[in-house]
Each structure stands twice: as C-alpha cells, then as structure tokens.
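The structures considered in this document are given below.
In the two complexes below, chain A is the common chain; its partner is chain B in one and chain C in the other.
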Partner chain A sequence: MTRVRSWGLGLLGLVVLGVVWEVYKAVGPDAGVKLGDRLVLPRTSDRAMPHLWDIASRLTEPALGRSGAPLWEVVGQACLFTLKIAAIGWVVGVVVGLLLALLMQRFRLAEAAVLPWVVLSQTVPLIAIAPLVRRWGSQLRIGSWAWDSQDSVAVIAAYLAFFPVAVGMLRGLKAPDATHLDLMRTYGVGWRTTLLRLRLPASVPFLLPALRLAAAAAVIGTVVAEVSIGLRGGIGRLVIEYAQAAGGDPAKPWAPILGAIVVGLVAAGFVALLGLSLKTYRRGEVGA
Partner chain B sequence: MGSPKITRRTMLGRTGLAAAAVGLTLAGCGSSGDAAPGASASGSGEASLTPVKLQLQWVAQAQFAGYYAALDQGYYKEQGLDVSIVEGGPDIVPQDVLSAGDVDYAISWVPKVLGSIEKGAKITNVAQIFERSGTTQISFKSKGITSPADLKGKNVGSWGYGNEWELFAGMQKAGVAVGDIKLVQQAFDMNGFLAGDIDAAQAMTYNEYAQVLESENPDTGQLYTPADLNVISWNDVGTNMLQDAIWANSEKLSSDTAYQDQTTKFIKASIKGWVYARDNAQAAADVVTNAGSQLGKSHQLWQTNEVNKLIWPSTSGGIGMISDVAWSRTVGIAKGTKNETGATIISADPPETAKNMTYVEKALTELKSEGVDVEGKGFTPVTVTLEKGGA
Partner chain C sequence: MTAAETRTSTTATHASAPTPAVHVAGLDRVFTSKQGSVTALSGVDLDVAPGEFVSLIGPSGCGKSTLLRLIGDLDQATSGTLEVFGKRARQARLDQDYGIAFQQAGLLPWRTVAKNIELPLALHKVGKADREARVRELVELIGLGDFAGSYPDQLSGGMQQRVAIARALAERPRLLLMDEPFGALDEMTRERMQNELVRISAETGAAVVFVTHSIPEAVFLSDRVVVMSPRPGRIVDVVDVRLPGTGRDDALREDQAFFDAVAAVREALHGAPPPAARGVENR
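Then we have the complex of A and B:
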C-alpha cells in the first residue's frame, strides 16, 4: 500500500531527525562550530541541546514547582487551544482565498488589480501587524459579542493562510487544457457550468497542496501571533514563559516546541484526510 | 503608527473580506478573552461596578503582584471598580494601547513613556509604584567587572528597546563610550551569558539574576550562587531611572471628573494590593501563579520578594509618590544620554502633564486614615531559596 508506505516514511523521517540530533550532540564540539566570529553549528552542551530522553522525561514532571499538573498536560492543553485558533484561521483563510481565486479567474481586471496586492500582503511583517490587529479589534463590538485577542490571532492565521489558497486555486482554475475549454464553448455552456464541470475538478490537484501550505501557514501564524501579543492559553505563550527556564531547566523550553510540531502534524493529517475524500480528482497532483 | 486612521482605512480595504468573514464565522462563539479571571461584569449584583482595564507591560508575573492581589482580595471591588487586567507581550507597547484609548490605565517604565510623550502621547504618571530600579549588569567573578569602567572592551549584553539607558548613562558617567564596548543583543534567556558569549549581561534583580541562580554550574554540579557573580546595580552607580508606574489618560484627567475620581480609587486599591504583597509575599506569589503565570514557584516567590525591595521601604512619602530627585535624574538621563546611534530619548523637558501626584496623594491620605502602612519602614524581605529551573 502506498499510503502505509508514505506514513511509514514520514515516521522514519522523524526518527532520522532524532538520530541526527543525538549523533551531532555526541560528536559535535561543546562550544559549537564557529566560522570566524559567527556560530554556524549550535553548541552541543546539555544546556543548548538536551538529550531527547531528557526532554521526554521532563514532560512527565510537574510544569511548575514540585507538584501539580505534569508538563505534557499543560502543553497538551495549549496545543488544543492553538489548534482551535489555527483551525478557525485556516477555514477563514481558505474561504477568502477561494473567493479571491474565483474572482480573479472570472474577471481579468480583478486579477490585474488584486493579485499584486495578494502577493504584497505577505511581505508585511507579522509581528508589526499582530498588535495593530489586536488594537483595532478591541474596538469592535457587535451586540453582546466583543472582539478579543483570540480573534486577532485567528485573523493573523487567516492572513497567512489565504495566500497559498488564492494563488494555488487561481492556477488550478486555469489548469484545464485549452481543448477542454473549447469543447465547453462549443457546447455553449456558460461560465458557471464550465466552472462546476471543468475548472473545479481540474483545480483539485493544485488545491490540495495549497490547503496543506495554508494549514502550515495557519499554525505558524497562530503561534507567532500568540508570541507577539502574549496571548494566554496557547503554545506561543508557553514559548515566551518557558524561555526563562532555558538556563536552569533546559529541557522545558523544548516542550512547547514539540507541541507546535504536534499541532502542525495534526493539521497536516487533517488536510490529508480531506485529500482522501477528493481522491477521484487527484490526477497528476503537483508537489507543494 | 503616526497616523493610525489612514493606515486603518487602507488595511481595511485590503483585508476587508478577511475581516468580514471572520466576523461572520466568529459571531457565534463569544469567547472569554484575555481578561483576568473574576473580572466579568455580568453578575447582577455587580451591575454598579465601573469597568476598568489595566494594561500590563508583560504577561502575568509577580512584577505585577500588587494588581493581581488587589483583584484577588477584592480591593478593586471595594472601590466600586470591576478591573480587568490585560496582559502584555513582546510586541505590545502599553503606552500606545493607553493613548489609543483601548484601556484606562497602563503600567510602564518612565523613560520609555517619556519618549512616547514627546512624540505626542497624552498620558500622565499618576503613581510611581517602583521607587528603585531593578536593572543590573551581572558578570562572573572571573571577569573582574565590578564597576561601569570595567565594561570597556567587554561583550556587554542588553535587550535594547529602551532597556539600555541606565547602562549607557552609567558608562557615560564612568567615561566609557558606547563604541568602547561590544554591545550584544540579549535574548529572553540567559544562555548567552552562561555560555560565555556575554561578559556582562543585563539582568533584572527579580528575573534574570534569579535565572542564573537557578542554573547548574557545570564545574561543580551545584547551582550558581551570588558568590559567583559581580552585580553592578544602577541604584548604586546613581544612573537608576524610574521604572513601573501607573499611567493614565491626560485628556480625561483634565476634563472628566468621573475619571479623576476613578483614578484615585484605582490607585488606592492598587496600593492596598502592594501592601498585601509586602506583608504576604508567599500568598501574593500564589495569587499570580493562580492567575495563569507559568513561572516556577520558587522563581515567582523570589520575584515577589525582589519587587517588594524595589518598593519598600518607601522614602518618597508613601508608595506611589515620586521624589523630585528621582524624577529629575530620570529626565536628565533621558535628555543627556546617547545610545549607539547617537540618539537620546527626549530632546526637551517633558510637559507638566507628564506627572500628576494629586490622585496618589489623595489615595495615600485616605489609606493612612484607615490605618494602612503606606511607607513600610519596618519592611524586611523574606529569604527565598531558588530551586533548579525556578521550580
């Protein structure tokens, strides 16, 4: 089965990563490798690179003090929190991206007008816009519902996630062969039918990698925005707070980083499941 | 950020769709937000409480123990205030949030705010909570750095972003130019210092200094001790600047009598919180931990205790009062000290509205008449044993 094989290979990749970590730690110089004045390979001391088993055993110890919830539980809850926000951001980003792609495909003028902005939007530094989004959002109030910082983080995630979808989907919608489009034209069907029967199915091989990229972007956007505005509850917040323990408890700051990896894997897994349901259309999928 | 309205309009044009879509998607799932627990105004019996938002300059930690204690002990409620504590983060600038009108009060360092005031922020220091500076430059004994003059030719760490001025002023006083040192950008953690990349690292007494003492010395297998370190305290050098203060909106202070009244009440309850933290260090540290801080427990208690030392005993006539000496020293350094790019924080004296002690004076008078000790002359710090990693 190719699927089993690809999952196996994925797992093998993780194992290899772990082995590389431990081997480099074992053979690399304690002070790292310097090129002139610049450190090009990291230090290998226990403080800079704790053993993987130390990180694992740290996860089972209490997060704070000598008793209380174990670290894995605290990080696990933060993962769920971050995953939820990333999922909202992903959904919003995908919807916006799809709509933009449709708009750009339908109207050549829209493509000329919007596409440069779509590209430009990704050059805005995230850490600059996160506090602004939070501040503007805090003035929003619709009935009894008031904007809060979580919503700002979701917007940032969506802001990163819509881009690959808009670009990928646009390419996908334009993917049908000219002969197929001509055929549709000879049938005399309109834009909508062409879209449903030809363009949408043809776009799937482009859409799925775009969705995967969007999932990764949403997770990164969520964590970075959480760090940026210090949002309580998520992985980003733990990254900030656990950084303090880097000197005395070196394994601890790695816990939220592992958490972020888990969130990323779950998100990617979800998109893979989504891909299964669109299996019929996945001919000649292009790599992401 | 000079013209937020224009920026906002263009941004809305670009992300209008995204914003609208998010609005629709999220309209149904009203979430509790980042306000501190116990801060909702929905209870029917609390309908008369005035909602107040306080912006911190970092995430929940014992540096803000007094405010969390005031919330936990119901001191704000006593004053008819329903206070939400809004946490900060790496990219949150409290004085910007305050001058944008998103919160009612903010905690920030005086030099950082003086710069914002010169750029047009209309905010006022209404209570100088920390009397002393918690900033130090620490080094291992072997480096032989005991005074600012010894920094010459060394790798000197700083976080930058307005945390460097006391260091530069201290060096300037000792005749060390900014070009005489190698300025190293310091991270959140002390690994650069522990690994030897930084000879003298910036350290707050209540935070990074403890981080070092929570770390294992690879040579001995034991934790580092104060005996391993030299500490240059800017309080001793005489280039200390005023740090955590409560800032309020200047325009509302000058026109809105309800806000003036509320300011006195807010300061009064906050001071009561700080008195509680002084007299119950362990309990106050626990309050902060329960409010969601992820700092280790011994680290949290250490921080509470060190912050207490920055406040108590008060020599300015009661917590919150600014001594003229400290204020003019802070302003003087802000005007006269140049950083690595040759810039100063401010070019002229701050306006009169930069500080206003009316409200804290009133709060102190009321507290004294209630028998609260607002000077803490008899304050003795507790002894804190730091555990490995601050656990």
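Then we have the complex of A and C:
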C-alpha cells in the first residue's frame, strides 16, 4: 500500500515538473524574466526550452544526418559505457572506503591521522586532478596490461565515491550501544568476532545511505572526468558534443542529459535493491 | 579455550570446595581524569555465597553499578581483592562463569528472540542441536514460547527484558549479574518480572548480584541487601532480609515482615528511623 503510494507520488512529481515546464514556456516572456540585469528565469524560446514532445520525438530520429542509428540508441550506448566505468569506480571506492573505515575504527591513531586527509581530499577540484591522474596512470604498465583513459576516469569516480563510504561506515562501526559492547566483552570475544557479529550488522543503516551517495558521486565523477580527460564513448562527451549542436537542433542536447539521469537512477536503483536484501539489519532500534 | 573444557574445570572447583560465588575484600576504585580523581568505591568487603541472592542498593553515585562492573571484569579495580568462584575476575569472565543483564535489554535488533538467546552459545561454538534444545528450554522458562521467531522491536519492554535474562542464563552460569534490569519498566510489569526472577533464580540455583534503586524490590528479591552510600562509595550496612514463610509471591508484598524489612533497609539507607514505617514508598 505505502509502496504504491510512494511510487504514485514519485510519478506525480515528474508530471508536475513537466506541466511547470510547459506552462512556463507558454506564458513566460520569450526573453526570460530579468531582475535588473540578471536573468532569473530562462528564455522560453524553442531554442532554450524545446517542447517536451520535441525532446521525446528527437530521441527516435537519427543521431546524425537522415539515416543511421536513432538518437536514443546512441545515447543508450553511451549510458552503458558510462555506467560500466561508474560501476568500476563505485566498487573500488566502496572497497577503499570500507577499508579506511575499518582502519580508523580499529586504531584511534589512524582516525586522527587519516580522517582530516579524507575530508581534505574532497576539497580538491575534480578538474585539477583529472589530468594528473591521466599523466601518472599513463606511465603504468604491468605485463600486457596498460593503463588507458577509461582507468583514469574510473579512478576519479572512485576518488569521489570512497568519501561518503569512509565517513558513513566509520559512524556505523561506532554505532553499537555501550551495552552491546559490554556484552561482547563479557562473552570474551575479540575484535574480529565483535566486528562480524555486532559492528558490521549495526553499521548497515549507516552504510546504505553512504552507498547511495557513493553511487551518485561515482556517476557524476565519471561524467565530469570523461569531459575533462576527453574520453570518447560516454555520456560526458555527448553532453559537450551535442551542446555545440544546440543552435540548429535544440532538442538534441537534452538527450544525453536524460541519459545521465537514467544512469543515476539505475545506480540508485541498484543500491535500493542491495538495501532490500539487507532488510533484516534495518529494523528499528530496540525501544526498551 | 573451549566452552566444554571450561565447564568441567569450574564444576570440579565447585564440587571440591564451597568457594564463595563472589569474594571482595578491601576493594577500591578511583577514577582519575584531568579534573582530578573521584573515589567511586572505597574499602568494599563483600562475600556472596553460591545460590545466594544479594541486592546492592543506594543513591546514584554510590558505586553500586561500578561494583557490579568490577565483578564482571568490565572495569578494573584500583586496589583490593576480587575473586569470582575463587578465580580472578578476568578468568571468570573468560570462563563464562557469570551471565549479565543490563538496564537496557540490549538485544540485537536484527536477531530474533531465539537468535538473541542463542548468541552466547553460538559465539562459543556450541553445537547446533544443543543450541536449539537450550533455546527451546529458555523461551519456555521465560514464557515466550510463541515469540521465538519475533524480532525485538515487536516485543514490549518487559518481554525484551525477559529475553535478555534468558540470554544471560543461556550458558547455565552459577552467577547472575543484574544492573537495574527492571529500572525502565512500569510498576505492574516490574512486579511481574520480580516474581518471575524469584522463580527463575530458584529453578537455576544461581547466585545473583542485583543492583537496584528500589527498596521494596531489593527486599522482595533478596536474601541480603547491601546498603551503600556515595562520596566515596562504600558499604554502610548489610541487612539480612531473608523473610520467613514458604516462598516469595504476591502475598509476601502485603506481609508485615515485608514492611518491617523495608523499614530496616530504609533506616540503613538514611541513617535514622523514618517517621512512619508503614508509609513507605512502595516501589
């Protein structure tokens, strides 16, 4: 019942957004709304805000010229490409984040030494590190395997994804009550058993939101890194490419933007499924 | 060390010599911090015989919980002697000589009632069949046979506390440590739980060290009530309240002997006879 309701509300939100778009386009001034010299609401011309149905129908037309693969297919391919890199970045980021959280929980000294750097790492602009990662990576060569730009993009996605996991998981590992920790001590079990039987299960409610944030961060990181490294084949590249075509084909740039949203939804959906499989560990706290 | 080894060694000790369940002599506990030091316990002497029910009572800060934690080796004494079944507290903890229950039930929310009771057995690698048999016994003992598959959030506070007691009993300890286990319960549930605890402790024959704020609770449950006072935490009196008569049941709560014992403990707590012994706060 509540599930149907929340799906319904979600759909309703989408419909409302669409209606707002079309209504504003119909009644808003062509030149947009200005406050002094600042544009506060966008222009409503077909170039700036194409009709939703134009955006939709553009998806079915060929991406280039009069024949060839339809736009949705080209964008779909790019989505898969980006999704794959984002997934690799997410997995690497989650593993690194979990290991860091474990290290920080186990050794207080490590927390004091590592946590500030973890926080600081996120203040470095992505645009600045992308070329660095690429340059350093290109010198790597292990046997027949050589580093390529895709790996650089995945590393940058991981760089963004590890942060919420490290911080969220650290909080989760520290979540058990003093009573629970005392109890494990009375059982005379060590750190590892306490971790497996108490800290890990107790951390799930903190871990899941962290994984969701990490998924979003991995997708954004992938798209932005694709642009700043100049990797072809993904959504990031298409966003730039099609934006340049906006003059003559205003509905086209919206296709990769929709694609990026789909990638984000798939990523969030995957984490939601993960959450369902861990439902037992998300029961409400015991109200004594 | 395995649980089986432990069990045989402790029963052997038990059979050969009647060592007290708990032996405390000249125990001090001083907490030192940047602000200075606080003496939580000073010169505490106490013996608890096997099978005896002893309550620790006193105002907040009198160190009764600290004493319980020391017995359970959840904290270290600054000086003094502390033995549990003739062993050092640490060894007794590792040998699982005691079971413990806290004010919060402290059940793991992701485990069912049965799985919560089973936790200590599972951690100590008890076989599956033995585990299941023991859990079945215990859910019956606490009268929650129908709730074995329920999760803690589906239970009332009193039921959760009963599960916590069952968990403390899982490894058949000969000593139960209880830190205000009924402190968060309403009065009616509390009295019912006290009746159950009397029954359970009689059935298991375990010694109990029971921390409480409540005079009637201490009197109703105990053989002896240890009265403590704060700053520094120390024992001011030990009141023998083992009440005559057949057994402990609700009739006892109305008995003159019960009120007299309550008055005696009150007197020990306040250091002077109260104006009206009958008008005691009845919880």
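Note that in this section the second predicted complex is superposed on the first by the 281 of 288 C-alpha atoms of A that agree within 3 Å, B and C clash if a C-alpha of one lies under 4 Å from a C-alpha of the other, contacts with A are read in each partner's own complex, and residues count from 1 in each chain.
Following the convention adopted for this analysis, a contact is a pair of C-beta atoms (placed from the backbone, for glycine too) under 8 Å apart; a residue touches a chain by one contact, two chains touch by 3 or more.
Predicted model, so just to flag it, every value in this text is computed and none were measured.
Undergrad: Output check: A:I142 vs chain B and chain C. Expected answer is one of first, second, both, neither. What do you get?
TA: first
Undergrad: For A:V189, is the partner it touches chain B (first), chain C (second), both, or none of the two (neither)?
TA: After superposing on A, A:V189 lies in contact with chain C but is clear of chain B.
Undergrad: Which chain, chain B or chain C, ends up touching more residues of chain A in the combined arrangement?
TA: Residues of chain A touched, chain B against chain C: more for B.
Undergrad: Looking at A:R47 after the superposition, I want to know if it touches chain B, chain C, both of them or none. Which is it: first, second, both, neither?
TA: Only chain B; A:R47 stays clear of chain C.
Undergrad: Touch test for A:T179: chain B only (first), chain C only (second), both, or neither?
TA: After superposing on A, A:T179 lies in contact with chain C but is clear of chain B.
Undergrad: Touch check for A:Y281: first (chain B), second (chain C), both, or neither?
TA: In the superposition, A:Y281 contacts chain C only.
Undergrad: Which partner chains sit in contact with A:L59 here, chain B, chain C, both or neither? Use first/second/both/neither.
TA: A:L59: touches no partner chain.
Undergrad: Is A:A218 contacted by the first partner chain B, the second partner chain C, both or neither?
TA: After superposing on A, A:A218 lies clear of both chain B and chain C.
Undergrad: Hey, what residues of chain A end up touching chain B and chain C alike?
TA: On chain A, no residue contacts both chain B in one structure and chain C in the other.
Undergrad: Could you pull out which chain A residues touch chain C in their complex?
TA: So the residues of chain A touching chain C come out as 177, 179-180, 182-183, 185-189, 193, 197-198, 201, 204, 280-281, 283-288.
Undergrad: Give the list of chain B residues in touch with chain A in this complex.
TA: Against chain A, chain B makes touches at 1, 7-8, 11, 14-15, 17-19, 21-23, 25-27, 30-34, 58-60, 87-93, 96-97, 100, 102, 187-191, 194-195, 207, 211-212, 214-216, 218, 223, 289, 292-299, 387-391.
Undergrad: For a test of understanding, state which residues of chain A touch chain B in their complex under the given definition.
TA: It comes out as residues 31, 43, 45, 47-48, 62-66, 74, 88, 91-93, 95-96, 99-100, 117, 121, 127-128, 130-132, 134-136, 138-140, 142, 144-146, 148-151, 154-155, 158-159, 162, 227-232, 237-238, 240-249, 252-253.
Undergrad: Which positions of chain C touch chain A when the two form their complex?
TA: 72-74, 93-94, 96, 98, 100, 102-110, 119-120, 123-124, 151-153, 157, 160-161, 184
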